[in-house]
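You will see two complexes here that share chain A, one where it goes with chain B and one where it goes with chain C.
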Partner chain A sequence: MIALFFNDISRKINQGIIPSLCIMGHMILGTALVYMFPRSNLAFLVLITSFFSLYYFEADRRFKFVAGAVLTLLIFPVVGVRNIFYLEVIFQISVFSALALGLNIVVGFAGLLDLGYVAFYAVGAYLWAFFGSQQFYILHYAPGTQPANLPFLMPGDTFYLFVFAAIFVAALTGILLGTPVLRLRGDYLAIVTLGFGEVIRVLANNLDKPLNLTNGPQGITPIQRPTMPQAAVDGFNALFSRVVGHTVSPADMYNVMFYLFALAVIIVIVFVTRRLDDSKIGRAWTAIREDETAAIAMGVPLVKMKLAAFAVGASFAGVMGVLLAGSRTFISPESFSFMQSIGVLSMVILGGSGSIPGVILGAATVTILNLQILQGLSLYLSQLRQSDAVIPIIHFAWANLSSQLDPAKYQRLLFGLILILMMIFRPAGLIPSRRRKRELVSDALTDQDKE
Partner chain B sequence: MALLETVNLVKRFGGLTAVNAVNFSLDQGRIVSIIGPNGAGKTTFFNTLTGIYQPDEGQILFNGRPVHGLRPDQIASRGLARTFQNIRLFGNMTVIENILVGMHAHLKQSPLATLLHLPSFKKEEKASELKAEELMQYVGLGGVGNELAKNLPYGGQRRLEIARALAADPVMLLLDEPAAGMNPQETEDVTRLFHRIRDEKGITILLIEHDMRVVMNISELIYVMDYGEKIAEGTPEEIRSNSRVIEAYLGRGAVAGQHEVRL
Partner chain C sequence: MKRFVKSINIREMLRPLGQMLIFSLGSTVILSALMLALALILDRTIVGQALFQRLNVSLYTYTLVNLPQVAIDGLTIGFVYAAIALGYTMVYGVLEFINFAHSEIFATGAFVGVEVLIGLEKFGILSGASLAMAYGYLLLAIIAGMLAAGALAVSVERVAYRPLRHASRLVPLISAIGVSFLLQDLIRLTESLTTGQYNRIMPTFGNFDHRILLGRMTLGATHIALGVSIKSIIVIVSAVLMLMGLNYMVNATKVGKAIRAVAQDPQTASLMGIDVNRVISLTFLVGGMLGGAAGVLYALKFTRIDPFVGFFPGLKAFTAAVLGGIGNMTGEPCSAASFSACWRPTPAPIWGFSPWALPAPNIKTSSPSAS
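The block that comes next holds the complex of A and B.
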């Protein structure tokens, strides 16, 4: 008995405690840094990379679960309320993670290249934007000419209902768009989905006449939010106002709420994705990706399975659309451009097509790059430009530097470079899927055999 | 009644008639071969039977019911399974996953049961994995269930294709050059396997094959195709001495010169 006990203890020390300490250390360090330097992007990066420790260190599952919960449910909201910009970054990471996970089903699992994925996001967003705003009462007004003091069509609390409705509406849109195009393969499918994505955006842009459904390029606002129980705000203040440093207003609390909401949606999405992947549906998707003809000859109903992939992927985006409309209270066609589709696709590819943690990491990387690193550099550069400093060695005044060299303007160039480098050095993504990892290992083995 | 029957089956590609008015009939429980020179239309005939191509004219009756115009997956779920001439496995899936895909149409798991891992789902997954293991043993692929299909040796890949086709519990198996590229020992092994599949599982087998040792050894009936047409049918002995067949394979001179020809 005692020997068993010691055996147990030693195993715990060898495997359990040290990685757990590393994880905790990383989290505490990150939190402390963010506290000491509330405006530092670097400090925030240290905090958010705690997820790496959480993912890579081998610790007890229960410990990881608790640590993850503390990080996402406690540290992020508190830190986020202290500096609302951080919360925005975390919220966007969550939204794009969900989108990337949805696209991952279509691209990563079923191998159908969809370049118009954002269309489904738009469908969800406009669904709540229409029903959760005054839009219904200005159907016959041109944008900008509506009378004041119009009522809202649906009470704000029906938001929750529309989250579920969006699942079905977006899935249905996925099936409608999918049905005519699924006979196509590869490049042709990509082109047509690109077209459909644009069609949805152009529709949103132009459906302000004859009936003003979308309010055109001006977008729909205000869009309602579900009511925030005063108790939640008071409770949060009672618990955290001292740590946060100021009393939290309901508006701040909404940001926390939508972040938590997005988090819940992601958890459901990950759950659904994993369950589907381990079933006949997931196997059929992979088979289709591998060889369509063989799959259909083996009795896999090609059209049905492809539509299922489209519908599942679309429904994830639809839910996130409703969430976006609610959190922003404003929706315009601009948010659903082709570049957004490409952005989500690059998250999937960068992170690792077919890999759930990879795709989330891809979404986080791209979002942080966009919102923090590039903008941070731009800010730094503009500060330099306003100062009297000169570039050493070449004695060139920063003030004379062209504003064309603003790093934020090089977002896409940088993306392009990153993607090219990734394709050369890590073609399966940052965290390759289990399957891809096996492919790479076996490729390496056969290469060795050849030598 | 014939298990599989075609009536005046025609398949054209532009100006080329790849399958020309083929009347074909196959009884339950037989092992039958289709032979013919390269480009005779054998694989096109297979692809038309399995719905990969739609016939331009004529009828295909399987179990007495017309199957022309159905999709390949519908035909497969009626009990017509096949393998491919150039092996078409799901290379980046494991051996066992390949076989499980073959069972797709038989698995009943609903989306809800899948998401909630209801007992019915778990039971079915377990049973299908067991069945897949059995099939692997049956075709001689024991113990490689977690290998990627593309890492199997050539003969193993051919066997896996057969196992994947058997996974659908077919009534009839269409094998497109199953012994191509195999050495004599492997050829003998698969020939024995085909006999076992027919004798033990009662599955009717139709195969395209170039290896005449296999064809003559295994076939109870042989159909010969040339230029998209059926030019002969009969037992191996009859085919061996059929002058049209010899002509198709070796040219006119062979018949005129009365050479000794061993097919």
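The block that comes next holds the complex of A and C.
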């Protein structure tokens, strides 16, 4: 009934010029709100949900394309430079969307549960961290004892080269890790990939002896960035400095630049994923996911296809790893823990495995929950703790609340809840993939036939 | 009374003991031989020379002298892992799915047991306790941990696994990972709210820290004491008792027969009048209780626990369970467990003698963080 009601409404709204107006209205409202309240999380949420309007309203494709481009290329950078925290959120959303899209190929398309996906991210990150820092010259020093004023191994502009190198290196790692585990199915594969994820992290942690390759738990810093053309900073300042309210420094522009890089990677990934999904390889993956034995019987080259899924998924993570190393200028093994893998997995599961818009939605939701809602709650609680307010009925002073109760630290709780609830109530995700939807519909039909 | 005594299947009770003895001794001997061979090979290389310069002994002697202590320590930890591994094996045997949350059930058991002991210490009961009473309190803590962990395991199955029993295989696994993460933070949340911190230390009482000296060995200028602490003996004895109990329950009682039947074929078992849901709940209960007891033993051995303590022991125990043959319910769960017990010493010698981290002579090689 409810679905019918909504269909009715959407049919009435999606006529003529109304949807375009709605999209425009949503975007303008969001921008205006963010402009008026630069610190409000709510205003930012209104702006970022413009993507919903963009996705659900049926407007002309060219209009949608232009609106999306304006939103991502113009409004987000300007708003982000104005309040650098927003830019951080947007950047993290892009990074995790890209990671989740990569994992989506392995989990959603090929149905291979990979619990160590962050390993490939680490491979990319350490690749650029090694070549883009002074690490090569301190191979024989214990961490922390290197002399000052060492040169860098590679100039910063080779970053672009390493973005492409990371594709191959990470894909190779994916194949190397994938080869021995191909015989495994389902849950055993999951455990083995978990083990591999840990192996990479432990390697990064311990490869400071006998040759100091990774600088151990202290991590590698500083890592170079590509040079920023002064013209870009000047141009941005000339155009937007009045809107932003202050002159933009090159450091801010770097954040914008890496956000744009991440965006470009996402676009490439979405393009590749969609083409793969419709291709022979994509159909082979679906066959493997649904029934491995039947797939072999139909002549699907199982080994090749599984390795392809591992390699494609891994290469995207590798590229994002290089981006991460460049944007943070610091990496340490801590960034590649098991929890990160589970975080990316929960994004895929929440959005809907196998569905591209779903996975992006999942990544955005989890990141916003993590960075804005949980941290906002933490801030609110610490404010309460400093005031002398009292919970009315039970007479509990907020000041007595344990400082351990900091919602920002409870990411595991969030990930765990997402995974359990989605599995029990909506295993296909928030935006199920088209194929899943068809399967579910046909299931419902056959059920009706039986009755 | 006479009928009851007659109904006890002595053979089934003693069989796992023999198995465990053979497995643990055998693997200790094999692994020790491997280690010695490795030491002989490495003796001539730079590794052996570096050691010789530092301690003035050859790597072979060093290995030979340190090996017994390492083997004892490894066996102790091995039995803890064996007790954890039983929970994985039982659930896998019946449901064919990896209970990822078992490591957190283990951690819950550890926390409840330690909290009981801390509570007793707060009231001053623990410090004045006689030796017999100290053992009684430890038993109390173990039982409390078992009950809490068992109850938790059953309720987790009810809430997070039962609705998904007919879904595809990956669905309950993902749900189990979710439960594992959720429980880690729930433990942390409750501990932070009630005590203000989430690292807990097992109180010292009784004579558990006492070390029984078995002998002395000379290594260059220093002596190495070969000994085993009382708590290691407690850990081994209770783990062996648990393994024997489980083996008896599965192989020689009516309930065990029902569990084996469900493990083989749930549908046919339900046709034979076995309540499959109840048997599955029971499996989780038993597995959880063993995990909880293992948690308290772990806390006794390593004294310090935190909410994330379960992850690595859980992973290792799972590895051990797979090595011993996971889901080997119909046959001999104990052989799996005891095999895992023997497998465990491996990392300890390897780490103890790894060329880059040669420890000082009074080695304590088998710390959980090292392996």
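Note that in this section the second predicted complex is superposed on the first by the 432 of 451 C-alpha atoms of A that agree within 3 Å, B and C clash if a C-alpha of one lies under 4 Å from a C-alpha of the other, contacts with A are read in each partner's own complex, and residues count from 1 in each chain.
Here is the rule we use: contacts are C-beta pairs under 8 Å (C-beta built on N, C-alpha and C of every residue); 3 or more make two chains touch, one makes a residue touch a chain.
Keep in mind that what you see is a predicted model, and the values were worked out from it rather than measured.
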item	value
Which superposed partner A:Ala295 touches (first chain B, second chain C, both, neither)	first
First, second, both or neither for A:Arg435, with chain B first and chain C second	first
First (chain B), second (chain C), both or neither touched by A:Met423	second
Contacts of A:Asp187 with chain B and chain C, given as first, second, both or neither	second
Which superposed partner A:Leu413 touches (first chain B, second chain C, both, neither)	second
Contacts of A:Leu115 with chain B and chain C, given as first, second, both or neither	second
Partner chain(s) touched by A:Lys280 [first = chain B, second = chain C, both, neither]	first
Touching both chain B and chain C, residues of chain A	none
Residues on chain C engaged by chain A in the complex (per definition of touch)	97-98, 160, 163-164, 167, 169-175, 177-186, 188-189, 192-193, 196-198, 311, 315, 318, 356
Chain A - residues contacting chain B, complex	271-272, 275-276, 279-281, 283-284, 286-287, 290-291, 293-302, 435, 438-439, 442, 445-446
Residues of chain B that touch chain A when the two form their complex	50, 52, 71-73, 76-77, 81-82, 84, 88-93, 97, 100-105, 107, 109, 111, 114-115, 117, 121, 125, 148, 150-151, 164-165, 168
Contact footprint of chain C on chain A as seen in their complex	111, 113, 115, 186-187, 190-191, 194-195, 198, 209-210, 338-339, 342, 345-346, 349, 402, 404-405, 410, 412-413, 415-420, 423-424, 427
